[in-house]
Structure formats: structure tokens, C-alpha cells
Amino acid sequence: GCGSSSDDGGSGSTASGGDTKVAAVIKGLDNPFFQAMEQGIDEQADQDGVDATVQAAQSITDTTGQSDKLTALAQQDYGCFVVNPISGSNLVNGLARISASDTPVVNIDSPVDADAAEEAGVDIATYIGTDNTEAGGKAGDEMVEAVSSGKVALVGGISGDVTSNARLDGFTQAVDGKLDVVQTVAADWERQKALTAATTLMQDNPDLKGFFAANDDMGLGIVQAVKNAGKADSITVISVDGNKDALQSVKDGDLHATVAQYPYAIGQLGVQACEKAAAGDDLPAEIVSPTAVVTSGVADQALAKFPAPFESFDNPLD
Amino acid sequence: MSTTDPTAPRAGTEPGVAPPAPRPTARQRLGSVAWPEVAAPAALVLLLVGFGIADPGFLATGNLGAMLQAAAILMVLVLGQTFVVATAGIDLSVASTMTLSAIALGETYSRTSSILLAVVVALVTGVAVGVLNGLLITKGRITDFIVTLGMLSAASGLALIVADGKPTQVIDRFLLDLTVRGFGIVTWAVLLALVLTVLAHLLLFRTSFGTHLLAVGGSVRAARASGVRTDRVKIAAYALSGSCAGTAAVLLVGRVGASEPASNTSFLLNSVAAVVLGGVSLFGGRATIVSPIAGALLLTALVNGLTRFGLSEFYQPLAVGVVVIAAAFLARFDR
Amino acid sequence: MTATQHETPTAAPEGELLLRASGLTKSYGQVQALRQGDLEVRAGRVTAIIGDNGAGKSTLVGCLSGMHRSDGGELRVGDEQVSFTGPQQARAVGIETVYQDLALVDTLRVWQNLYLGREDGVGRGPLRWLRRGAMRAEAARMVGALAVNVPSVDARVNGLSGGQRQAVALARAAGWGSRIVILDEPTAALGVQETAKVEEMILRLRSQGLGLVLVSHNFDQVLRVADDVFVMRSGRTVAHRATAGTTGPDLVALVTGATVEPRPPAPDA
Amino acid sequence: MSTTDPTAPRAGTEPGVAPPAPRPTARQRLGSVAWPEVAAPAALVLLLVGFGIADPGFLATGNLGAMLQAAAILMVLVLGQTFVVATAGIDLSVASTMTLSAIALGETYSRTSSILLAVVVALVTGVAVGVLNGLLITKGRITDFIVTLGMLSAASGLALIVADGKPTQVIDRFLLDLTVRGFGIVTWAVLLALVLTVLAHLLLFRTSFGTHLLAVGGSVRAARASGVRTDRVKIAAYALSGSCAGTAAVLLVGRVGASEPASNTSFLLNSVAAVVLGGVSLFGGRATIVSPIAGALLLTALVNGLTRFGLSEFYQPLAVGVVVIAAAFLARFDR
Amino acid sequence: MTATQHETPTAAPEGELLLRASGLTKSYGQVQALRQGDLEVRAGRVTAIIGDNGAGKSTLVGCLSGMHRSDGGELRVGDEQVSFTGPQQARAVGIETVYQDLALVDTLRVWQNLYLGREDGVGRGPLRWLRRGAMRAEAARMVGALAVNVPSVDARVNGLSGGQRQAVALARAAGWGSRIVILDEPTAALGVQETAKVEEMILRLRSQGLGLVLVSHNFDQVLRVADDVFVMRSGRTVAHRATAGTTGPDLVALVTGATVEPRPPAPDA
């Protein structure tokens, strides 16, 4: 029995959802996006009376650390795992062991790579998340609507980050032929770096019309830079996430729009899916969680409902 | 050196009575400037000229202002790091301390709405971490490297706990103005960094504390034998570094309009790189203030220039690494 | 502080007892380096300490200079019993020391070394504003007073020769209105000319009424320069002699223990 | 020490002819083990026992296996860092070099589909970076700190460029098996780390190279005067560190199933922390292999235990920082 | 390497010329430390080098021991002209040096220091497998051969006294079938007993037919121990004398330059 997770009683799938213990392993910990996700998980678990533990990686690049945490939890008697992997494959090894003991796995936010999962024999009960390319596309459409023509610059997260790349790609495709993307820079998901980069880019391109940032933190940094440069009237900033501060900024008329991804809802759905999976229910292979472009018109509504989605959506798990 | 001074006794004459020492002449002073200490300013000038020729907009006042603005936080951190390195120590916790101070500012502000109190709390937090570092190093007799490495982790953890992992908006006119208003391209933040630079220079070279700091870096034993309270001096150096981190935190929060529990690792690496580029010996005892500041400006201008040239973001870390090694090659120590 | 103060050490009547150590002890962890350290220093006299390597000479010196804190025993300076917790306190009562390793800060300039720990400045405390011009001029005078050849008070110490460094350390010790100057093997690494110059300086300080302590392995030097000699063996002061009438072979015998000596030091010869 | 040995001459007898030296007795060996070197293993045992009492599942074979698995990469990096620190140097580029090697592996694999070739390329890349570090430090006469700091940046930049910023999936049975299969809880990866640990120990203490390494760390001058080719030894130490980074890269790619250009900063800080916790003097000359490895296991077990206890992730950096300082306090150097 | 080899240095007929340096020069950047370094070393004789601080003695020694690369001049060992690029090469032709700072690695054990740079092992190259038992035993014999009292060959050097360290450095220099042993101020920091012991060792090595070079500031010692003496001043060898018939004051005069000497050294006395 060496090497199997059943050593200390991880007796896997218990029948009733009520006494299932859920373990969630999510991404970075210094980002409000994941705070909202954690909140969604905790509150849904409370509401349903299940026991949930949430662990997060030390940072958004801590691939092995996240994997270690999953492995540590896999040794305990959790009935279902919710995972939001940093990369497509960094959790595959740990998940393989979990799947081997027939414990269900729910994948949220960032997808586990399908090939890697198959190779390792990982069984994903369902994937719940948003299409990041689509989110970027929505931002792109909004940008086209707002500025109609001219130069825009893109600010991504850490160089090479998959989520960031998907959002930037989506944006680029959406504005192709309509706007002129002058440059893409990496600001490591950091507000301060985004601010510095945006300041430099405005210096270099005095006629810049807009910025797209791959997340809200960076978007807010850019807003600050734009204000500092006294260009709040001529430059449009759009970002992705739908964090509270960003919604407030949209409401205040600073940030033009944010593409809300509702991490809170993703967290809730993750727990719900886990309960069903543990109870042996069938789940759809993929559940697309809602996204919405929040502009100043709806910012109030969005803030009022935060962290829940402000537009109702069909929850396939209810 | 002295042989260029006509009033100095010729070597070999003996037993020569040393003459009343004249103030060193300009030439003598120039002659005694060591090459390592000139390397960073020289490299900075080269870079400015080079980029300026390739892209005249680079030297436009607007862009110069943007660079100064971007450099202000690093400059303040570099001052603290210079003091610590001058004592032959190192402060790996500067960036984390700055993060913790920023969080302390944000939390205080969101609870009391008093920006004054919030700034004071940020500064006190920075000093407290610095003093704790200093006490662990001197009284606890643990190497500076490991103390500040541990503090790097502990302070960022504390920042996360206090902030509950979330950023806090700090929208305050006073703080925002720091990084926007001022005298033309010299904003208040930049002015503060420059004033602190001058003060740091005077502290190091014009006060007895400065001499003691360099003495401790040169030889703890000799300094102690000469009656210098070496432990106090070391603690003070770390406290200074902490207070610089606290000050940098104020500028950081003002700049981004929020306090965030982000780790800011690049500030740590850049602060050390600037100090070493500035020809400050990691073995302690020899330091200037101007050269590390030039090092900080060099690193900032490099990234600004590379961004303007639209060099792919992927090439920037490589360029920074190469420039750091190349500049150190110019500034390499004699010993 | 004024310039004149530095140049006029408090002169004491010749032969007056300036310092008496009795029964000092000191351990480094397990090693009992000093078991019974006795010494007397008198004004206008050179008192030598001799003994083999590890006999405890430098440890005794460390207790007198405040570098070490003795574990036991009594130390009197003038009429007062003292107990030093650091070199500053020893300095405050007029004891200056030239350590075996000189204890100069290589990276600082000559004048900075001379003033280290007691910088002359405007204001108080660590932030007092250095009077650099005054210090440099005064430093030149301090070095000049010993008639040694140091290129410039602006030179960094790491650029000086062994003899020049020794001179700086001596000038520092002598130039502060001190009453007692302790020298731990000041000529061990010096050549003939340099050694002669250091001995000259010692005699000059003696003639100014200071009490000098000289640790040396060179018995010829001890006999040439010193008035009294204390002998140490395995952490104990085992003998006290006047050099007058003592010969080199006598000292060798005392140091190696070939002769048995009554332990409590004989009263001043 | 010697006084407990009845065959040693009594101090004071003279001129004593030294007796034929007997092999040191067990007691003598034990007596000569320095406290700093025992601190990490002792702390590790304490931690295992403490967590084990609070949570018996912590010591279940499954969890022990998970911890070993989690520690394997760090262990390999720590070996390299130990060699470098033993020479009184430091390798700040270990983690970036690992990233670059991982990218080299991924790119080679995606182009040739040959895992063997890919592994070789990864190792060669690591060694090449190490040799370059060593050459810059010895022949270029630049301090190790700044060379490896520059390399930290340069290597991660190169990784981004080569990978074009994107991760590459490396789905290969052999690599995946490394971190999954093996002998019970000892997977191939763990076994590799353990074997390398033994080899490193033998290299350090049983070969002339090991003695030279420690000699260079103890005193470059003395080593050179004794005929040790000090430059070569230093270069070899950095090359070893590079090869460890290359090996760690293979394990890393196997573990995360992809080569990613993202930087792994925490591996750098943890590798240095483990070495210092292991009582290896940053001043060089004194080192063991077992204690730094115990330091690596300590850091890993700590995070595992905290995770199991469900301690919020916010508290983990704080806990790690406190443990690092506390362990260093136990292991503090005599000097 | 076998144990016996270490104990029997290649004996040469007494008086045979082992080494001759002529006109060696060496600069450190701007400083011309050695302008004209001349020296002769003969088997079974002790050749002293004297001169004031900074005269260039250690620089000359460095050129002979391979630590420095001379800029010019000629060096012959036996019949061959040599040019060293590192200490290994000097060792290879049988020149061993005890440096002024001893050049021991404090953190290593006595036996490791004795064998440093030429470890005895199975196999070749840097990865050869140490024969630790053999080395320890042999090291004990090397130290024993000099009749010095070192606590244990397993002791770390940083735990030894000054005299003991000197003994280890000497044992290392003497124990390797060397033909020439150079000692740079070996007794500067030593006490009477330790000094006596080192002088004894020097004479023992001389009687084994080795050529010894002794740098010293102690003229009594030079007259006591050496057969020949070379005098250096400002980087030049300015005199060569046999000690027989030379007095202390003669040496002082030579060193300080009070007497004018013909520059090319006189042929062997």
C-alpha cells in the first residue's frame, strides 16, 4: 500500500454530500481575485454545511509549492478536491494519485491540460471557468466602441503567463484591423510596475488612446498613471477581473470598464460541483461561469451585488 | 597620492615633522576618487547620451521627469541599503519591510482617515523592523544575511496577515500630490528622494556617526577598541534602512494609490545591484552616497529606454543582467 | 577640546603609582587565560610584561584597556577602584592602548583614525557636525609631536608601511592627554630603523611623565627600554623585577620557569 | 579534544614526539561535531516529533513520501549551493539557472522528441551557466554576489527569450515516472536526490577535490600557497552548482509536466536558508552535506505540516521566517 | 608516495649551490618592490636575508616560492634555469616555503594542511580517493620527525598556539623531500621557548643537508643561526657576507646603509 493516498484513511468518495470534506487548492494569495474565490468556496461550504479547507500557492509563479500543498492535502481524508492550477500541468502528478483513489476532482478557473491529464490518468469531474480569450475579446470590443480608432498599448502579467497571454490574444484579435496595438509590456501583475510602464509608454506615444491590462490591479495602476499625466479625458483603460476596487473605479469614472469574471461564483460552483461529484451525481464536462463587461452604467448594480454576479445566470448545478 | 602635494614631506626624509595639513586641493580630491565609485555615474552618463542620440525623446523633460519619478522609491531604498552595506552587512528585508509599512499605512488610514497618523505608523513600522534586524544581528549574534532573509519572509507574511491579503485604496490628496505636484519635473517625491540623498551624504561624511559607520564596516574590532559603540552603530544602520523602507512605502502608496501586500522582490534585487554598481564594497568600510544613487538611476533609465525602444519585454531581464555584470566589471574592487 | 590639551598629558610626579592590578582573572569559555594578573604602572617609568606565547599577556592588557571584562580581581587607577565595561571607560580615565594588531581602521584616513571614537564636532551626540579642518590640523600636530614621518594625515591607513602604521597608533595613544600608554608587542614586525624610532618615541613619552606598559618578546629591548619588568607564566604574574641589575639570561630563566620565584610581586625596586 | 585521547601526548611534555596517530575514536568524532552542524538535524527531528504528536497522519508513510517528494528538487539545489558556500561564495543564480535548464529541456524535447537528448541539453546548460559564473568570478575578478545576481537576471531573461515567454508541455512517461514511481515512498526522484547527497558527501570528504574546496573556502591565499589551483576549484564549485541546477530542472519538468520560463525565486531563498541552517559558514571553509539537506527537509516539512493543519497561507511566510531565524539562533557561529 | 620518501630529503654535498637568483625584478602596479634581487642558497647552510620593512625581502621570497611571477632576472635551481608560474612548480623542484603568515588553512586539520595540494590517494586527478588513514599516520611521523609538540594531527589548525602553528608549517615544508626550505620571519611572534625550538628545527634541517633561507629582523638570531647573510635595501640586494666574523653593529650598518657596499655580491665566503 505504499505510495497510495489511502494510508491514513482517505477512504475517498463517501456517498452523501453532507459529510464530504472538501479541499481546495487555488493560485496566488496576494491577489483579491483569489480572495473572492476563497470567499465563494467558504460561504458555499458554510451554506451547505460541508467542511472546506482552502490552501493557496505562495505566489502566482509557485508551481511546485502549489503542487506540494496539493500532495500534502491528498494524504488527508478529503472527499473531493477543487483545484485552480497555476499551469496546465503543475498539479497533474498530485491529481494522478487522487484520481487513483477514486476521489473526484473539480477544476476551476485555469484548466488542467487535457493531454497531460490523460497521460497521467487524471480524471476531472468537471471544469468550471471562464474563457480568458473570450474575456479579452470582450474587452477588445469595448475598447473599439470607446475609442473607435487610434493607438492602444497592452499590459500583461508575468511574461509567459497563460492566462495573461489568452486575454491579450483575445483582445488583439478583437481589435485587429480597427485599432493599432503599438506595444505589449509585462508588469508582473503588479500595480506599481504597470504604473511605471504606462508612464513610459505615454511619454513615448503622446497620442495613445487606450490601455488594456490583463488584470484589475494593473489596470488601476495604469489609471493612476493616466491621471498623473493629466490624460484622464483622452485615454481609456480597460482591464479584466471585476474586483471590488475596480468596480468602484469604474463607478467613479476612472477605469472605463472591467470584464468581471466572478471568482466568487467560480468558488461557489466549485464546492457545489464537489458535493455532487462526491454523491456520485453526473456532471457536465464543462460549466462556463458568467462574465460581464462592467461599465459605468452598471457599476452601481455590480457593486451592490459584489461578490456575487450582478446578472443572473443559469446555474446548471442548482 | 601625497607625492603630488608639494607641501607634503618627501618620502625618505626623516624624522620628518609632519607639516600643518593644508585642506586637500581640488586636484588631490579628484586624484583620491576611486574608480569603482565613478563607474556608475560614468555608465549613467554613457547610457543617457547613448539612448538620447538614438531617441531624442528619451531626454525630453517629460521623459526625464518620468524616469526620476519612477526612480524615487528605489533611490530611497538604496540610501538605506548603502548604510547597511557600509557596515559590511546586507539588508535582504528592505522590500518586504516596505510592503509591511505600506500595509500599516493603508490599514491605519482606512481606520482613522488620518493621513498624518498613517504616515507616522508606516515610518514607525519601518524603523521597528530595522531595529529588530539590528538587535537580532548584534545581540543575537546571527549573521545579517540570515536575519534579514528570515525577516524578508516574516515581514511579507505579516503584511499578508494584517491586510488579509487584500489591497486597500488610499485615496488621499496629500499622498497623491507627492508623486504628481512639485516643481516641474521634480515632484515632491523626487524632491524628497533628493533631499534625503543630500542628508545621507552629510550624515555619512560630516557627522561622527558617519565616521563610526564606516569604521565599523572597516573593522569592528578596531572600531570597538577605539571606543565606538559598534553594536549601536550597527543597529542604527539597520534602523536607518528600515526608516528608508518606511519612507519608500509612503511614496509607493502615494504612487499606486493603494497599499498592497505584494512582495516587491525586484526592489530588493535592484537596491543591492545599485549599491554594488555604486562601488560600495560588500566587505564594508568604503561607501559613497552619490554613486549608488547613480546606480539606481542607471537601472531605472535602462528599463525606461528599453521599454521606449519597444524591445520585447523578454529581453529586459537579460539586458539588466548583462549591464549589472558589465558595470561591476568596470567597478571591480581592488581587493 | 582644544589643541593645547592634546599636547600636554597630565604630568604626574615621577614614580607615582598610576595603576595597580591585583589578582585579575579571565576565562574564554573553557580556557582560563588569566589566573592571577598583577601589575603596577608608575608615572615616568616603562613597565615591561614578558612571558611565553599564551602566557596571558595580551589578555591582561585587554583587561586594562577595557577590551575584556575581567572575571575577578581588583583594578585601581590612581586612588579609585575601577571596572571597565568597554574601551571608552579605560580611555576616560586616561588609559590608551596600542594593540598587538594596532586596531586601526584600514579604510579610514589617518586623521579619522586619530579621532575615532572622540571626534571633535559642533553639537552633541552621534550627529555632531565634524570640525574636519580643525581635526586635520590638530592630527598633523599630534603626528608631528612624535617626530615620525607619516606622508599626510589624509592618507588612508591601508596605504601606510608597518612602521608608519605603528606611528599612527602610537600618536593616537599618546595624543589624548593620556596618563598610561600600553603597547602590546609594538616592534614585532618592524625593521631595525623602525624599531629604533618606536623605542625613541617610548622614551620621549616617558620623559613627559606618562606611565608606559610594554609587552615584548625581545629581552634586549626590555632591558634597553624598560624600568620594571613583570613576568607571566600560564596566566599568572610570577615575578616582578627592576631591570637595573637584571640580565637577559635572568629574564629567560624567569620566563621559562627555571628559577622559582615567590609569587606575590616584590614591592617596587 | 585531544585530551580525551589517552594516547595523545600530554600538553606540556616536550619536546614530545607525536605518536603514530590512531584512527579517531567514535567518542572523539562525536566530540568534534560542532553544534551548528547538529542544529538543523536536531530541529528537523523536533519538528517531526512535534507535528507527529499533534497529527499522527503527519508521520504516515504516505505523508512522509509526499514530503520527500516535495523536498527532492530543493535537496538537489542545496547540494550545489553548499559547494559554492563552502568556498566562501554564493550562487544567487541557482533558481534562474534551473529555469533556463528546464526551458532548454522543453525546447529540445519539443523539437526532437528525444527525452535523452533533452536531459543532456538541460544538464549541459546548467554546467555552462555555472562555468560562466566561475569564470567571471575568478578571471573577471568580480565578486560572486554581483556575478550571480546579474546571472539571476540574465538567465531568466534568456529563458523567456528561448521559450518565447510560453510554457511547453513535456508529457513524457520517463520524466513523469521519475516523480511518481520508484520504491514505495522513495520515488526515483527522491532516490536520485539521496544518491547525489551521498556522492556529494563522499566528494567533499573523501576526495582531494573536496579538501581543496574547503581549503579555498578557509583561505584562498593559503590554498594557493599550498599548490591548490584555487581558480579551478572555484570554477568547479560553480559548475557543480550549475549541474545541480540542471539536474533539479529535470526533476522540476517531470514534476510540473512542463517547462516554464517563470522564475522560481523561492527556490533561491530556500536553498540559501537550508545551507545556513545546515551550519555551513558563509565565510567558507566549514561545511557538511548532511546538515544542509536536513535544513532542506526542515523547510519542506514545516510547510507540509502547516498546510495539513490548515493554517492560512498568510501565516506560512511568517512561520518560515521565524523558524529560519530561530534555527539560525541555535546554529549561530562562534565567530 | 611512501612514508620513507618523506623522511629522507635528497641530501646534497655540503656547500653545493642549490639555487641562484640574479637581478630579479618585480613591480606591484606602480610600486617597484624588487629592483635587483640576488641570492644564493647552498646545501647544508642557512642563508639569511635581512633588510628594513619594505626592503623587498618577502617579495624576493615570493619569486622563489612561485607565489609571485618575477618581471625579470634569472633564477637557476641546480643546473636548470627555471621560471615559476605557481607554487606547485617551485615545490616540484624541491623548494618549500614557510610564509610570513604561515599560509595554513585554519579550518582544516593538521594532517590535511600537511598534505594540502598533494594528497595521497587512490586514482588520479582531483577525484582521487583519499587514503586518509595512511596520510594521518604519515603526518604524525612528519610532525614527530621535527620533535615538536602538536596535540594531534586531527586538531584543526585554528585551535593551535602560535608556536604549534609554526611547527606545522615547518613540518610541512621539511617533510616533502625538499631541497630548499625558505622561512619568512618564522619567529617574529614567538616567545623565547618557541623561538628556541624553531631555531633548533632549522639547525636540524641544515644538518640533514637542506639549504635554508631565513628572513629575519632579529640580528642576534641571524648571527646565531645563519652561515651567510644577504642584505636588502629598497628592493636591491646590496651586500653578501659570511656571518663568521660579522657583528651585530656591522649588520645594522649594512641595513641602514651607513656603510657603502659594492653592489654585486661577493663570492661565497
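Every chain is named by a letter (A, B, C, D and E) in the order it is written, and numbering of its residues begins at 1.
We adopt the following convention: a residue touches a chain if its C-beta (ideal position, glycine included) is under 8 Å from a C-beta of that chain, and two chains touch if they have at least 3 such contacts.
Everything numeric here is computed off the predicted structure, so don't read it as measured data.
Steps from subunit C to subunit D, taking the shortest chain of touch contacts, total 2. Averaged Cα coordinates give subunit A a centre that lies 73 Å from the centre of subunit E. Here the CA centre of subunit B is 31 Å from the CA centre of subunit D. One finds 41 Å separating the Cα centroids of subunit B and subunit C. The residues of subunit B that reach two or more other chains are 160, 164-165, 313-314, listed in rising order. In subunit A, 29, 59, 159 are the positions where the chain touches two or more neighbouring chains simultaneously. Multi-chain contact residues of subunit E (touching two or more other chains): none found.
Chain pairs that touch, as defined above: A-B, A-D, B-C, B-D, C-E, D-E.
Listed in rising order, the residues of subunit D touching subunit B in the complex are 136, 140-143, 145-147, 149-158, 160-161, 164-165, 265, 269, 272-273, 276, 282, 312-322, 324-325, 328-329, 332-333.
Put simply, subunit A touches subunit B in their complex at residues 29-30, 32, 34-35, 59, 156, 159, 182-186, 188, 190-193, 195-197, 199-201, 203-204, 217, 220-221, 224, 227-228, 245, 248. Of all the residues in subunit E, the ones that touch subunit D in their complex are 65, 67, 86-88, 91, 97, 99, 101-108, 111-113, 115-119, 121, 126-130, 132-133, 136-137, 139-141, 143-144, 147-155, 159, 197.
Taken in their complex, subunit A has these residues touching subunit D: 2-9, 29, 53, 55-59, 61-65, 67-69, 71-76, 87-90, 92-93, 96-97, 113, 115-116, 119-120, 158-162, 165. The residues of subunit B lying in touch with subunit A in their complex are 57, 60, 62-63, 66, 69-70, 73, 160, 164-167, 169, 179-180, 252, 255-258, 260-264, 266, 303-304, 307-308, 310, 313-314.
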